[in-house]
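Shared between the two complexes below is chain A, which has chain B as its partner in the first and chain C in the second.
Presenting the complex of A and B:
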């Protein structure tokens, strides 16, 4: 036990961390709650001497905004679509990677590359790939528009090109592009975690299964997935948390308009809504939306934990 | 089901890319496990006994040689087609399944003709659970059970498919001393009741001797001796086998044969008529000493350990290869504890002489010859099932003759 004489030393050593946490984590949390419960709070007006009443007016306003509900809808769709797809894909890739010997390290690196690549840059590449006017050839006077590589591939196989992200594209086409992009972006981290989990599974379980003549599919379903369930639960929970905070990926593909030029803001997400509110000096509204987002993530995580309690085996 | 291994060799490629050194884990292993017997593969770690077991199971493939189950050549068959049950050293029970699900698992894999109905499967599980006395634990998870119970679940899982051969890899090494005694009796009982040919691997000589019908002593991938446990203990063919079997271990002395007599130091121990002069090791089992004031071997007395039934005398001898010489004598033996030395007579049947260079046994007149490996090999050669290829070869030879 540290003697009381030395207590001040302990506090001294902890001080830098404590000060930083207080300033950048604890105070903002408290302040967010305060702002959320002051009707129509605005920082700028408060400096000007305005007084705000305590109440839940911000929350009522936020949930009545059609824009907020649209953001909630887009975020939820992206979340519900991407988390299962990316988890299943990551599982299959991890299992495949784990079962090969040649090139394993090389492929592992390849699959990990997206993780260390700037997501805005990736977004721009994806935007180019899904573009309907991908690249321009010819001279200044004679522009020949070609489709992006995805449309080229579709046309190569005899399909008609799709307007994925340009002016006139549909909401669901936009969502499709976002899902592909988010899944691709989410894979490396999940593969890394699942591969680590796979490599820590005792090989004897597989030997035992082999002696009993278990088919590959059954090994995956009955042995690998259950034994990997703690990692799967982790990946799903962090996936949902990350999914509800989706924002940069939209910017990456659509830019700050958060949608095609003729439907700007169509793909806005919850975090985008909060950001916009802050930018227009409506901190009360932003705080209320942030708390709602926090509540949603909390509930989803609790549900996840509850489910995994039944499904995670040890 | 008789299991026959013929000239089995397993060479592992080097793991280190720099050195091209290959490891020969099992070297020209030829042995037949008689039907319905319990066989112990015994040896120090790294002697290739587990590799041998895994080759029988099919999880490892021999580099050369053949394996027969009965009359079938199974060398190329994958494990699931061989009809074996394998119990792993740490059981490899699926932690997320109950005992019942664990035992059911192999049955649910059966396909085609062998496929069972759900009721048949559950009946089989109940049957095998009864055999290993686990009926009341079927709904537990493995981590809610003791090591001994887990071991029995693993055996049940291996037995439920009614395998032709049961293989156990170090079945008792993860259990504490008391459970070990209990479980080895259990394995013996289950083997007797099912009459299934069983091969198990162990580094513990006591374990192997106590339950095996026959033991195979291995060293560096090579069979040293084969036989019934008592036979091997009483009649080792070389120094390694004599040292490996028995607790407390055999006492080894530097000795020599000179002028038809066997000496340890300057003391003449036994006649060795007709033997040429050579340096030897003399191995004497602890129970081979008789306290006798007129005895032939003189040791410096150190201490005495009373064990009730017997007395263990610790002494030393300048020519002993070990720091101490331990003898176990009748508690009624009378000797003077204050004396500096103690004299022993040696029981002839408990003394073995080995050539110092080859470490092979030097047999004396009156020694019973051990059931020697070569003799054993001769015996099984005559009953080896012939593959078509070999048959053809022999036909050609006959034609030539």
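Presenting the complex of A and C:
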């Protein structure tokens, strides 16, 4: 009796959410699939009365497109480099934080700070730190005013300065800068999750290990990591998902050229490719690329889940 | 005699063992703190560099041997950044969009979560599962169609386009529903017997009890407006409705080469400051909200 009375009321309460979701979430899913499977679909041309054939032409074109492959390569490199580095660093920091009492709260706050930032704004700071003011063409009368603080530090330790992001810089130098920035940016979330996990581990395990005289490295490998594995799996999966959607951090450092001035677009990513296709009114191609991105994320997540099913200790 | 010696020797050995393990413990502590402090300095360095660079003169910034504290403190860089970047207008826009979308989003989230947590209706579980499934899909997939939708609605370059498409977050509904479910149903039934309306019950009982979650949602939503970049660039690029991140990127397009970095860093500091101020006051809620969401912005 109560439930039949509630029926219309529930739908009334849900109406705003459902209407908005239908327009901005459900319809886009259907429409993206539709556009992806219409060869060379363009919204502008459809308005003009063009008719498109059904087929997988968009997918074939996207996969054969060199720019797309470059985007895929850059995205994958960034993912494969940043996820392990940031996870291991975050684990070490979280374990260290968990083992201290004095200053723990303070340091925890410090390590969280990069999260509370705007990735475009702080990207500009990183660009300033790596940037060389002056010329790098190497002729005698063209002087370097400042090589940037990172190069200053390298020179202080006896190294030579590197052209990180300026005209003439190499692809791998650019990638290095991006990896540093992305890891810096990714640490806070991972530390927060892992520290939360560590604090919920039962102290008895450690007491037992202490009685047995187990070494610290062994405790980390045999107790901490296995008991922390659900959280580790979580940060790795979210790290991969975020990594494949990398875009704004590159704009933060390189601007909308997505690369040094003489090699614009060199660091473009999958998401960047989708937006470029959208900007040039090639919605079919953009949709196909978005579905490929979704597929990659899905596969990587499933692999991660499969691996963690074997390794994760609940 | 021999026995006594043995006892003394034994005690000596014990002490030795104790001191070595103590030394090991101290060394371990020193190592741990050293590692943490070095990492903390690396984490903090970009912020430090941003602030001191923003206070330097251009000439001082360009010196080949860097200074780690400005010789002449140039607060005027901030004034210049504010005017060059037209930050005033951008601040107002961003706060407006953030506030309106937060308030509307909270209302929708609360009533939806209430329906899912307290009311019984046909298809509830299927609908909820369907909503959760959409969370897996990357946002870029929606953007392609939404761009067309808002264009044909004539919403381009309005505040509406920055607010409406993102009002419903399945994740927030999920979060709040979980929170509502923890409140015993008896309270609701008792209120019904007393003839209390749903809205009054929500307002008097459920919202106060779920306040921490609502604060977390508010913070995530506001920082979302502050950090949003891609969508505003697509649909509100007329300069009048731009949000802060776009304005910052557009006003300072050059990142490499010979740029007036002190002014640029001042602008970056101005844009970053509100986030830090909010963080200082609401640290607990933010860290709690983030650990549950894992979503930036």
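Odds and ends about this structure:
Rule of thumb we're sticking to: the second predicted complex is superposed on the first by the 299 of 314 C-alpha atoms of A that agree within 3 Å, B and C clash if a C-alpha of one lies under 4 Å from a C-alpha of the other, contacts with A are read in each partner's own complex, and residues count from 1 in each chain.
Heads up, the rule we're going with is that a contact is a pair of C-beta atoms (placed from the backbone, for glycine too) under 8 Å apart; a residue touches a chain by one contact, two chains touch by 3 or more.
Just so it is clear, the model here is predicted, and its values are computed rather than measured.
In the model built by aligning both structures on chain A, chain B fits alongside chain C without clashing. Judged by the touch definition given at the top, the superposed model places A:210 against chain B, while chain C stays out of reach. Once chain A of one complex is fitted onto chain A of the other, the partner contacts of A:189 are limited to chain C, with no touch recorded for chain B.
In the superposition on chain A, contact of A:202 is made with chain B only, not with chain C.
Using the contact criterion defined above for the overlaid structures, shared-chain residue A:171 touches neither chain B nor chain C, since it reaches no partner.
With both complexes placed on chain A, chain A has more residues touched by C than by the other of chain B and chain C.
Rounded in steps of 10, the angle chain B-chain A-chain C defined by Cα centres in the superposition reads 70°. Of the two partner chains placed around the shared chain by superposition, chain B is the only one that A:226 touches, whereas chain C remains out of contact. Legend: residue contacts after superposition of the two complexes on their common chain; A:218 is shown touching chain B, with no touch to chain C.
When the two structures are aligned on the shared chain, A:113 is found in touch with chain C, with no touch to chain B. Superposition on the common chain places the nearest Cα atoms of chain B and chain C 5 Å from each other. On chain A, the surface touched by chain B in one complex and the surface touched by chain C in the other have no residue in common.
The residues of chain A lying in touch with chain C in their complex are 2-3, 6-7, 9-11, 13-14, 16-17, 20-21, 23-29, 31-32, 35, 43, 89, 92-93, 96-97, 99-100, 103, 107, 109-129, 131, 133-134, 144-147, 149, 152, 165-167, 184, 187, 189, 192-193, 196, 216, 234, 238, 241-242, 245, 247-248, 251, 253-256, 260-261, 271, 274-275, 278, 283, 286-287, 290-291, 293-294, 297-298. Considering their complex, residues 202, 204-205, 207-215, 218, 222-223, 226-227, 229, 313-314 of chain A touch chain B.
Across the interface of their complex, chain A is touched by residues 28-29, 32-33, 35-36, 39-40, 42-44, 46-47, 49-50, 53, 61-66, 108, 111-112, 114-116, 119-122, 124, 127, 131, 134, 136-138, 140-149, 164-168, 170, 173, 198, 223, 226-227, 229-230, 234, 244-245, 248-249, 252-259, 261, 264-265, 268, 271-272, 275-276, 278-279, 283, 286-287, 290-291, 294, 296 of chain C.
Residue ranges on chain B touching chain A, taken from their complex, read 57-59, 78-81, 84-86, 88, 90, 92, 94-97, 105-106, 108-111, 143, 157, 161.
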